[in-house]
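Please read the structure below before turning to the comments.
Labels A, B, C, D, E and F are assigned to the chains in the order they are written; within every chain, residues are numbered from 1.
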């Protein structure tokens, strides 16, 4: 439900955009500054804390043996979740995830899955019976808009910095081989770029104020080759063909800068 | 998944016999549910989808209502027998996401400002699922909204494009979705020339991406003609009652 | 909660009954006209769409290997469910099934189970380990009263028209044998007849208006031999012994007519 | 399940020593719960069932209340230890159906018109289950309602009849239910001569069907005498306090 | 939410305590009278009904083969639950257990687990694969305060009076050996003593009136050697070090009396 | 669980190098969450815990509110990656119990009488769990409440004592909790000299029990100094802004 305050803020944001300004003084195509710390959770196989402006997320990677999905017996398992912790924002109530959080987790998951970042075929202990599962869980600790990119970067950095334990099968049961860690098979580094569309202006990495009054949202994930691998339009508004072309150019131009940052956290081959 | 399946032969013919720019067979009927305010049934390839619309009506629970405007809700649900492996009747995360995506694809087309504190409910039931079920559902939902007399700026027409055998094709079917390279569902308002739904799974170059949207929009325009006919058939039937 | 409109309608219905008329002009013992289409869902092993008056249901049959129930290792599995889709009526809200729908599904299930329509002992791949499961799911697409008979007929027609795939065990895993379909082992054809009792009048196949104001409901399922195999009284009223005798005579007299219709959809032996 | 069990011997004696028209042992005590408005405990064969009644009282959530009448609610629940294999404490579909059937069997007997906007809650706990637990529960529930002072037209008395070894017998026990041919629970108002609960699982001819109802009603009448005695015992005890 | 009636009752209780009296005339350190019946549920392996004043509980023990917990493959399973039946008190609503009941069940569970009452290492059929599970479920049938001790005594008596069936493994499946019952391996008998603290007075076994207005609650479980094995402070108030010392002395002095009662129900070795 | 692990060597040194009366390393930062009214982050050994406090604010659902006082709610939750084996995100019974225990440990310290009909919500997120996570959480929660400006009678400081190798030690770590003999978490108000949280798992004689409480209280007093410093650091930082 929109209040008068919301309307005033919206008018202010849109008025600024007309003058080529954003409410936090950034350029239209300028993501907020980002800090990344990895290995913040020692009990995880990999982890990363991201601050994207005031949005902050901790992603943890757990790697453990599992049964394969039916009909996918030659692939390891990859599952990505997200929870907006109730301490992240006064409006968040504890409980099972709503449609917003489910969409968030699934878009982040697809960005990693569709780019084939992880070579899941290398995570098989015994075909159809026993595989390795990679679980990436995002705990959002402060909300200030654009959870999509924040969770995507956190998940990606956490995966890149993970060690892969070794299991061998004994009597069909996977047994951990101590002190034999290797590298997760990485094929590419996905970069998510989320753009808000407000009165036909396109802004990158919308903050919470912009998020609330934007018409539509485009999240585009590109791979290391600069190709587009996953995309999601959100929000109750519509977009034009020309805007979509512009969005893809923006995502492709920003991709390498973010990827360079994320790549720093990749464990060397 | 048969990876050795030939998705496109040398004559440019796809595994189900279609050409690269050819839609599957589409049949739409409007106004087929007795108790709903508006409804539609679509067969889109092997998709069989029923949509019922209720409202504008009171919102329960009340705290969800908005004093400034009517709201739109959508439930996309699959019958247990709609897919090869029996589906658990409880809503999956995938169904919840698609419900949201369809709702947001319909929102730009409806005018609910005049119905504050009310809700329009769109219930989508997938009786049989094939590739492209969200596009098929969206087409039927837009017809059902029109059938319910909800004020609209435009129809929403939907169709996917995708990439198989390194070729951009219209309207990806289930086999092509499984074994192909990319699938991009598009929802489109044909008179306003605006896109309301857009997703992509799979890898595309910038050129392919642009072509994909373009091809999908052409498909949407064909679908739009079929939608219009369904509405006309419905209202014509009503007249002769 | 009853409204004045409800009271008026109830009075009208009861007034008509006193004059031996029903609100939709049917005879007391006359079910509504019925249309059946089978094989409407090609991805199911069997399916049927029924319209019983304005009540409409689609039933789909899925057949797949499963583990047997404990202590029933020499029997296949049969499970029948029902969902009233929210598009079927303005009062239906999405969510887990309420007591009405649970009762509905269980009565339809018992009608098929207690008549021994399916010879479950012939659906065993390996005793105690691997059996065939038959799942019949009813999606109700329009509600106009008497969902019991509608779902029962839909389920029965869907089962009768199903093909039974063949599985063989390889390394204790069931593997589908392509293109070897046989016939589901059918022993009898159940027919459900639901009667409403309104002010001591008995009417067959009550429509929604009658359903709302009837005192009690009797659903009686008979088999091909004309025996009574399952029965459920519902509603907040009571019935007399004489009414129950009358109900059984009605159910037994209507049974063969409906059975003849349903038998058309049985795949030949 | 021992299918070679002899359910009825040549002398017409059943597996638990009863004759064909003989009830199991029944004990009912009224008014045994301290915090409930009304209560009863029944042992019916090996069934051990406790019922507590609360109300008429306010309805939560409010939207369930009826401005014209009080409403009745019922919960039939089994303790985890009540059956051979430990039961999950969450309510099963079977328990939900029986809750509804018992509620509808009690409704014709209670007069709630004078208590609009209220609810009477009937909570049934099966501590040990044997064949015929819904009939046993219904007997105790009717006593508990009377004990709570709820206005009633009649008692509801309940008993099953069934078919074993091709013979119609009264009050089917667990072994007979498992290995027998039919089980028909009946709930009956003895003064009004009306049936309020009727179910059947198993195969009966028309003649057997009629006989079954008849036999069950005779059983209900015997149960009714035991119910009356339980109520009298309760009120007599109250007087001498 | 406290009402005027609650305040009046609280003042009365506190006034009495100042004069060294309790509202039900008991001494401060005097538990309510207790009756125990065992073998009340013949279908359970053991059972007990306790009345502690007007609080009454039925505990049933079910013993059945199960899979061991991961990493605890050399131990049987012990699980203890509690449900306050809605017939036990007008304020109880049906539904999943709330935090009060979860705490209750977990404290009773810990009292049995931490005293090592059950020698779980003797309940293993095959290490890591098949063990015996002991499930103790408490159905609370009347609430009048101090469910902790009532459930603890009921659970303990039910366990002590249980027979342990014998299973043998055939083809890795546990099979019941008929008529070969033995004794559950018992090492000690836990006794729970719950004390309420009201205005710095300590009272044993608070009834419902005292329970509602007490500041804090101490539940202390001792074993047969008179040692303290589990403890839980509850309630929204605080306690002093001296009070805690006093509580332990009380619990240790009451323990043997209760234990003597409970021991009567132990099946002889 | 390595039962042959030596928890205490002949020099009185524990498996992680600490002396018997030595706390693990503790770091607390107050006021680190942007959107919460108050917050704190604690590292206590390998525990890493974040706490956010909201309120006093309106209660939803309303029927939980109290017209006489503000109420306190607490949620203790563990992130899936916080423990060795990935934890299901849904709250476990253990988390629900600890939520209640922490709430009741904070209640004696806060003064909510002046805020009738409101709630103060304490949200605890365990990012990494080690032995003693409830004590660590309680320490951070008390700081977060102070940071939110909630009126308080005293701080709550928490620390466990326990028994390993027949010796009473301060601040039991994970290995000691698993392989040791007893673990007793204590929450304590240092100025009021009152205990607000007390639990015990494991076997203690009366003498050991009393010593355990005593040792834990000494630990709490050390923790209290660290808590005070965290608050001072926070407010000092605010001043120089």
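Observations on the model:
FYI, contacts are C-beta pairs under 8 Å (C-beta built on N, C-alpha and C of every residue); 3 or more make two chains touch, one makes a residue touch a chain.
Predicted, not measured: the structure shown is a model, and the values here were computed from it.
Steps from subunit A to subunit C, taking the shortest chain of touch contacts, total 2.
Common neighbours of subunit D and subunit F, by the contact definition above: E. Each chain gets one centre point, the mean of its Cα atoms, and the points for subunit A and subunit E are 48 Å apart. Computed centre separation for the pair subunit E/subunit F is 27 angstrom, with centres defined by C-alpha atoms. Mean C-alpha position of subunit B lies 32 Å from that of subunit C.
Contact with two or more other chains is made by no residue of subunit C. Of all residues in subunit D, those touching 2 or more other chains are 85, listed in ascending order.
With chains as nodes and touching pairs as edges, the resulting graph is a single ring in which every chain has exactly two contacts. Remark: ring traversal beginning at subunit E, heading first to subunit F, gives the chain order E, F, A, B, C, D. Residues 1, 66-68, 85, 93-94, 96-97, 99-101, 104, 107-108, 184, 189, 192-206, 209-210, 213-214, 217 of subunit B are the ones touching subunit A in the complex. Those residues of subunit A lying in contact with subunit F across their complex are 40-44, 47, 54, 58, 60-62, 64, 81, 83, 85-90, 93-94, 96, 135, 137, 139, 141-144. Residue ranges on subunit E touching subunit F, taken from their complex, read 1-2, 70-71, 99-100, 102-103, 105-106, 110, 114-115, 218, 223, 226-241, 244-245, 248-249, 252. Touching subunit C in their complex are the following residues of subunit B: 33-37, 39, 46, 48, 50-52, 54, 57, 60, 75, 77, 79-86, 89-90, 121, 123, 125, 127-129.
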